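Next up: some structures, all given as structure tokens.
Each of the next two complexes has subunit A plus one more chain, namely subunit B in the first and subunit C in the second.
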Partner chain A sequence: MGSPRLNPAASGLAIAAIALLLALSGLSWLATTTGTQLLFPELAHKALAETEQVQRKIDTALTLGIPIEQLIGIDAVYAGLKKGDTDIAFLAVTDSADHIISLQGLSATAFHHMLAAAEKTPAPEGLSDGQSLKAGYLVTALPLEAGSLFLGHDEQALIRPLVNNFFDIAVVVLVVMLLAAEVMLPVISANITSPANAAIRVLKLLATGRLGAVTGQNTGGTLGTFIVHLDAFAGRIAGSRSMSLRSTDTVLVVSVRLLAFLFVFAEELGRSFLPIYIAQHAAQTPGLNINLATGVLTGLHMSCVAVAMPFATILYARLGRVRLYGAGALLATAGLVGTALAAGYWDLVVWRALSAIGYAATFVACQGFVIETTKRDNRASGMAMMVGGITLADICGPAFGGVMAERFGQNTTFLIGAGMTLLACLLVVRLMAGGARVAEPPQRVTLRGFATTFRNRRLLIQVCLAALPAKLLLTGFLYYLLPVTLLGFGWSAAEVGRVVMIYGLAMLVGGPLFARMTDRGKNQATIVALGGVISSVLLLLVPFAPMEAAFWVAVSTVAALGIGQSMSIPAQVSLIVDLATEKEVSQGQAPELTVLRFIERFGGGMGPMIAAPLAARFGTTNATGMLGLYCLASAFLYVLVVLLPSRRRKATAGEDA
Partner chain B sequence: MSSGKHYSLIAKIGGAMVAVSVLALALASVLNLLRFEEAYQSLVAQRLQVTAQEIARVLEVGLDLGLPVDSQDNLSGTVRHYLITHPDIRMIAIHACDGRPVIREDRSDDTDEPWRDHLGKASWFSVDPDGLSVGLGISDPLGSCAAGIAITQSADAYHAAVATITNRFLTAGLAAALATATATVAAAFLFGRRRPTLQKADEDFTEILAGTIPVAHFQAEDASERWEQEVVAAYLAARPAIIDLTAGRHHDPEPH
Partner chain C sequence: MNRRRLLRTLAGCTATALLPHAAVAMTSRRFRIAMILWRGETAIEWGFRQQLAELGLAVDYEVHDLAQDFARLPSILAEIKRTRPDLVYTWGTGITLQTVGSWNAVDPSRHIVDIPVVFAPVGSPQGSGLQPPPGAPPRPNVTGVSHIAPLSAQINAMRAYFKLQRLGIVYNPSEENSVVNVEQLRASAAPMAFELLEAPVPMTADGAPDPAAIPRLVADLARRGAQMLYIGPDNFIGANRTILADSGIRAGIPCFTATELEIRDGQAMIGLVSRYEAVGRLAATKAKRILVDGDSPSVVPIETLKHFSYIIRLPVALKLKLYPPLPLLDYAEVIR
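Showing the complex of A and B:
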């Protein structure tokens, strides 16, 4: 004992992951080398054609008697060439004595350095006379009537698209690995963790002189054999004393992770390009204001989810979790297939609404599943399982969807989403089956809940100055303005998806960290205010940022949004728990929490509806700044209304004491 | 029974891991292949655009002088010249705004008119089994449509390059999938291997049930995984009670 040993499970997974990464690295290396080899002759052809075009233009001028040193407009020729071919790095014209007449894209020193550099050997196939590879450039040199012409192409240009592909592949690998982990978790739970825990429970009962229930587990391997013997022993003892033992039917709450992951992932696949997809349909429908129609439909999904959830909760009691999830998944499948095949805007409205109703039903079924299969002491961890699945889907969905949309088309991406919900529909019978501990549907939003919430002034301030602005910012900026702005700049859906993914990553890392900080510090209101400021302050700079800085601006604003919201969300929940009228809040069952979630979802739907007209009137970057300003103002108002009076009260109490 | 179930667990875990690995490799290969096709098409399109722009310039000089496309007699010679100096180009055509070909020089007997699907566009690119084509729309000095230019390059070289890279990806992908699957199955066996400490506990249990009371030569800390340690620890804690119950020395246990 004592010496560190390798954990077989971890070692096994590590071996599989390393093998996969090695194989993918090999494939990527092959793609780069083979791709370069096959593409190079085409690059050389293109370079020669472009150089000949410039040669003909200059020679025409020289033939007309214009001296080479008096040639003008070469910079315009270079700009025109560069516009059509971004791989071009420089253009140089020299006279017969090799003096530079015009040099574009390179300094004179760099040009002379390049001319003096040795040619790359062996020369790759496909080079024509006058072409060489030097100092990282494919140089095409052609003679002029009086002088020489040099056109340089970046040698890396060939590798660039293949290198960009690494990001796409990295996203695919990340998603596939996470999906594998999500699939493995229930398999390992069902076959190892759950039977082991059941065996431990029975053994602990035996140790205290009580005869435990037969575990009823059904697993293989050494553990399975041990459990069979344990069961036989308990059965024999019970039989000899004419006692009956009840067989436990274990339902694995961990299954909810995969089910939550699948339905959220399916919906998130379209996140990076949905506004543009809607705008394309709106443009084909006469009489519509495209911006407004796009904003309304982007937000409609969240609003429909908010409205459908109370009805789904009523249906839960009648249908039960499996049938409700199955029905929801089928509706979502139909909605996503319809979204992919929609012929016009009004079609799309119907299909998006159907998809939202399906989303609401599956969400409620998952919530109910957690409530029914957990007890008070493990309900929070059950809910954390569900939230974990949703967070992973939030991270992977937009990035993976962006890659799929760029490569296979937006319609196909929605069909892939439909495939995922259909898979969820098939899996639910296996993953959610089993006897419920108690039949207990999730609490639904009621008028009494609204009355309770709105009677509480402090709660109302939380909702209006913290919760609603945060949700508006999330949906208005991240779901609408960001994709519209970046796609408008010419970014691909895959690139937008990778930026949107940063929000989920920030939430994943920041959420638990800031939740612990909130619990320790007991200064929730300060953290809510700070989160509000962090998430919105950078957005004020967006209207003034140059287009060249778009990447860093997008990354930093989305990261700040994620960090800010991962700070404020747990603190908000903690504050509402303190302000709630019932003590059931730890199970997510207080009317205040239910109402808060409803208002958040409904408010979330308003985000794109507000952002779209603003973007149409003032431009997307200005609209982003305005949304940031609204949230920053809300945060400052929150400080004035909540934080400062609370500090003053504490100070007065201190003086009185 | 237990052996069958044991292998079934390994099969489940191994199967899931292999499926996931193959999916990742297949997707990566397809993405690489599509990116290659895109890069190749982009290079060809840029090159053909250069030629199209040169012909367009000649045509625009005539338009600026007030000569409609049908009346520019020099165009045929220009088009033929470009076809001769660019052996990779298969067809160059100048067409009217309604799609009617005005001049067409073609090395083959093909009569396809790829510009028909792109009338009215400023520039376009298309790939079909026979060729890669680019086109430009030409406007008169008043900005109205005057004509269009279409250039087609044979797709043979393109298809050959795609076939080469596809074959290499298929071969490498299969090899990679096989290697990954082998490693993954080995990993699954490692994952699902028998637990020696728990096995000792089970043998000890069986002996107790058979009426003998062996000395326990194992401890929870010997186990390699936490769950196994916890089961063995719980068993060792319950062992005296099990021995008593087996020997009938215990009070009647209470049902739970």
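Showing the complex of A and C:
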């Protein structure tokens, strides 16, 4: 339109989003404060129980005739308590004359300062006799046979579960917002943006004196009435020559976003705990090496997707996109329900494979849908629309799934995923129907494609030193080693999910940023190498990081992985398009690209299969370091093989000129 | 899931259905067990009888009590050889050694070689020569139970009480049991980072160890810095346990023991011991394997218990002002 006025659709969307955000925030605030009131007495009760346990122990010793000043092993009792509850800050035993007999975790000055401090008023509900909040501690004081006992908990720790709750709620709010946006986008596009744009075009044509066009839109409401009148008017003028403006394909392309979002989201829900879920089943099945079995099955999904895609592409031509997507979504539903209810390892293998085949089918259907409903000039934006849906699902899925697993159990989380795919199955008839029915299936990986790729030495180097290591790192580290390590440290699935989410966020922010940089700079190979280094170099530190630093190490490594990969992936695609033999590559349809995607996916499946035995032999943190080392070495080799010779070539070319 | 559960249930039903037959098989025969005892029946024999009864075995016991007199043993062995019971139970190292001989010195004219023998309690089956050393084939008719915790567990038990650096031992150098025990302690001193202070009891003119020397030896150990006196499987020290413990208390050194008697019926301060009843029950399961399951004693392992009791004699601890640490009170049995 070119006018600075606010797009009505955008402002409508913004108003709706703000309203939703306000409503959700209100609800979340209510949930958090209610949680505070409900949880605090529980925490105070736990503190009391711990103090009573120490009291019983010391009183036993005192009644045996051991003098209080001769009590031995209070430090060991404190250490044992602290192992079970890290929020305990100090333990003090005083005699009848209030002399300190033993003081753990606090200096004598700080202890006296604490005793002298005023109690926090009004005292929160749920405190028992002898409990008070003072000097930043929840202090539980109990009498002994001869003397007194004080156990202090960090006051900050009392709100820790509430902070965790807050994060859970924030994740749910984020997911609900994004899901709402995904649902609203096609609805608004179909009912407002698209007919309005069509009407504007018809009016513009009329204004310039070109008669004969009608919008061909049929939506209800005020806009619909206006359009019906407009079409009737335009039709009367044009008479029998009237012709409908079929520019509605944007509506369809927008809907692919939701469909892509749904099937990826369903699969990503289990991301934060899948290895552990598989390991539990492997442990129940006799005769299995649990580590290997877990690694293989974690990676199986991706490899299965790679293998199933060519078949799905063949089926696409026969079934068409709606039926293929529907069949895929049904298969994925069955796979996810089976995953949730699996009894042992081997049936889990079948269900995961089924779910992967469904994933491949829906993916191909979406891809084909974009190709069919777009023309050459808007195909890239159509693909971007689909990738946008997938990226959002990558971000929300692990975090939301983690929260669900923590609240309702891992099995239920897979069932929620199954509900999503079933929903997609019901939606597809409405969302994918209509539009052009051009028989143009997505390109499928062929032997000839492989031959073309493998003949191209530079392409092969690209695949082996850049694409494969990147994918191995993603699946081996992010999908396997990271969850296994963090869950092993006692993290909840929700916390792991939030860390995994960072990868998607980094990709979301970094992707467009670095894509522009790649286009401008033309130094793709450098960016690929730099991306490889950034994504792997921090992993080298993982084996040496103390457990206390786990949070920051996890966040920084995952963020670095996301940034590194969002740098290198667009650059890789761009390089491969440059290296491809055919010129039909502008739409991402070069056989080399298809082969690259196949190798990436199939190789990606190997990530967990390699990581699992490494972790079993050397521990997860050491395995992470080794994976990082491999990728860093690949990046350096890439510099040696690709970057340096090309620099030299350029230099020589410069001299020649 | 259902199929697996179903299979498991089915398997469970089958096993239960078989059980009554097995019980019938056990009770259908009466067994004869000869017991050779040192000083009448103890809690060990009570546990032995109780366990066999609970396992459904009907047993007729022939009890031979030496009343602490080895001279009675040859005639008992002759009678056993004549009447041929199904199994012989022997009490302690001395009786067992004289009943079956050392593993490399078996004399069929004196020893029982063709009737299964189950022994309990023997401090060090291998050290005393009852059990062949590792690598040698097991004995065809002998198995049994040791009541002594592994040495490392004993040292750790002392360390749970206080930081042990120097361990003293007064022992009878003419008793093989005891010598073997001291050798084992010596061997574990360096790896477990403690110093072993030895005080062999001198002999009197007639060649017997002299109990009167014990107070002087203990005082000497105290002077050398011993923090704890170790009472091992040593019949002489066992008989003179009161002199040893009292001397220790006078010198400010507590006693540690690996046998129940020294702490229940003596003045040792701490003990890591097997309950006698549990020793008897473990011996009974070995007897059952031989009698009912038809296993040869050579395949029934000579074992010690998996769990031991930590006992603290509180009056001694209070008198020595060596108070037990709080964490110990969670699991130790305190004799007040």
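Simple rule for what comes next: the second predicted complex is superposed on the first by the 526 of 657 C-alpha atoms of A that agree within 3 Å, B and C clash if a C-alpha of one lies under 4 Å from a C-alpha of the other, contacts with A are read in each partner's own complex, and residues count from 1 in each chain.
Just so it is clear, contacts are C-beta pairs under 8 Å (C-beta built on N, C-alpha and C of every residue); 3 or more make two chains touch, one makes a residue touch a chain.
As the structure is a prediction and not an experimental result, all values here were calculated from the model.
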Query = Where does A:143 make contact in the superposed view: on subunit B (first), on subunit C (second), on both, or on neither?
reply = neither
Task = Answer with first, second, both or neither: which of subunit B and subunit C does A:409 touch in the superposed model?
result = neither
Which superposed partner A:206 touches (first subunit B, second subunit C, both, neither) = first
Query = After lining up the shared chain so the two structures overlap, which partner does A:341 touch, if you call subunit B first and subunit C second: first, second, both or neither?
reply = second
Message = After superposing on the shared chain, does subunit C or subunit B touch more subunit A residues?
response = B
Request  = State which residues of subunit A lie in both footprints, the one left by subunit B and the one left by subunit C.
outcome  = none
Note = The residues of subunit A that touch subunit C in their complex are 57-58, 60-61, 64-67, 70-74, 76-77, 80, 341, 343-344
Request  = Would you pull the subunit C residues touching subunit A in the complex into a rising list?
outcome  = 1-4, 314, 318, 321, 323-330, 334, 336
Key: subunit A contact footprint on subunit B (complex, rising order)   = 1-9, 12-13, 16-17, 20-21, 23-25, 27-32, 34-36, 38-40, 42-44, 46-47, 49-51, 53-54, 86, 88, 161, 164-165, 168-169, 172-173, 176-177, 179-180, 183-184, 186-195, 198-199, 201-202, 205-206, 209, 219, 221-222, 224-225, 227-228, 230-231, 234-235, 237-238, 241-242, 245-246, 250-256
Key: Parts of subunit A lying in touch with subunit B, wherever the complex brings them together   = 1, 5-9, 11-16, 18-20, 22-24, 26-28, 30-31, 34-35, 38-39, 42-43, 45-46, 49-50, 53, 56, 84-85, 158, 161-162, 164-165, 168-169, 172-173, 176-177, 179-180, 183-184, 187-188, 191-193, 196-197, 199-200, 203-213, 218-226, 228-230, 232-233, 237-238, 241, 243-245, 403, 407
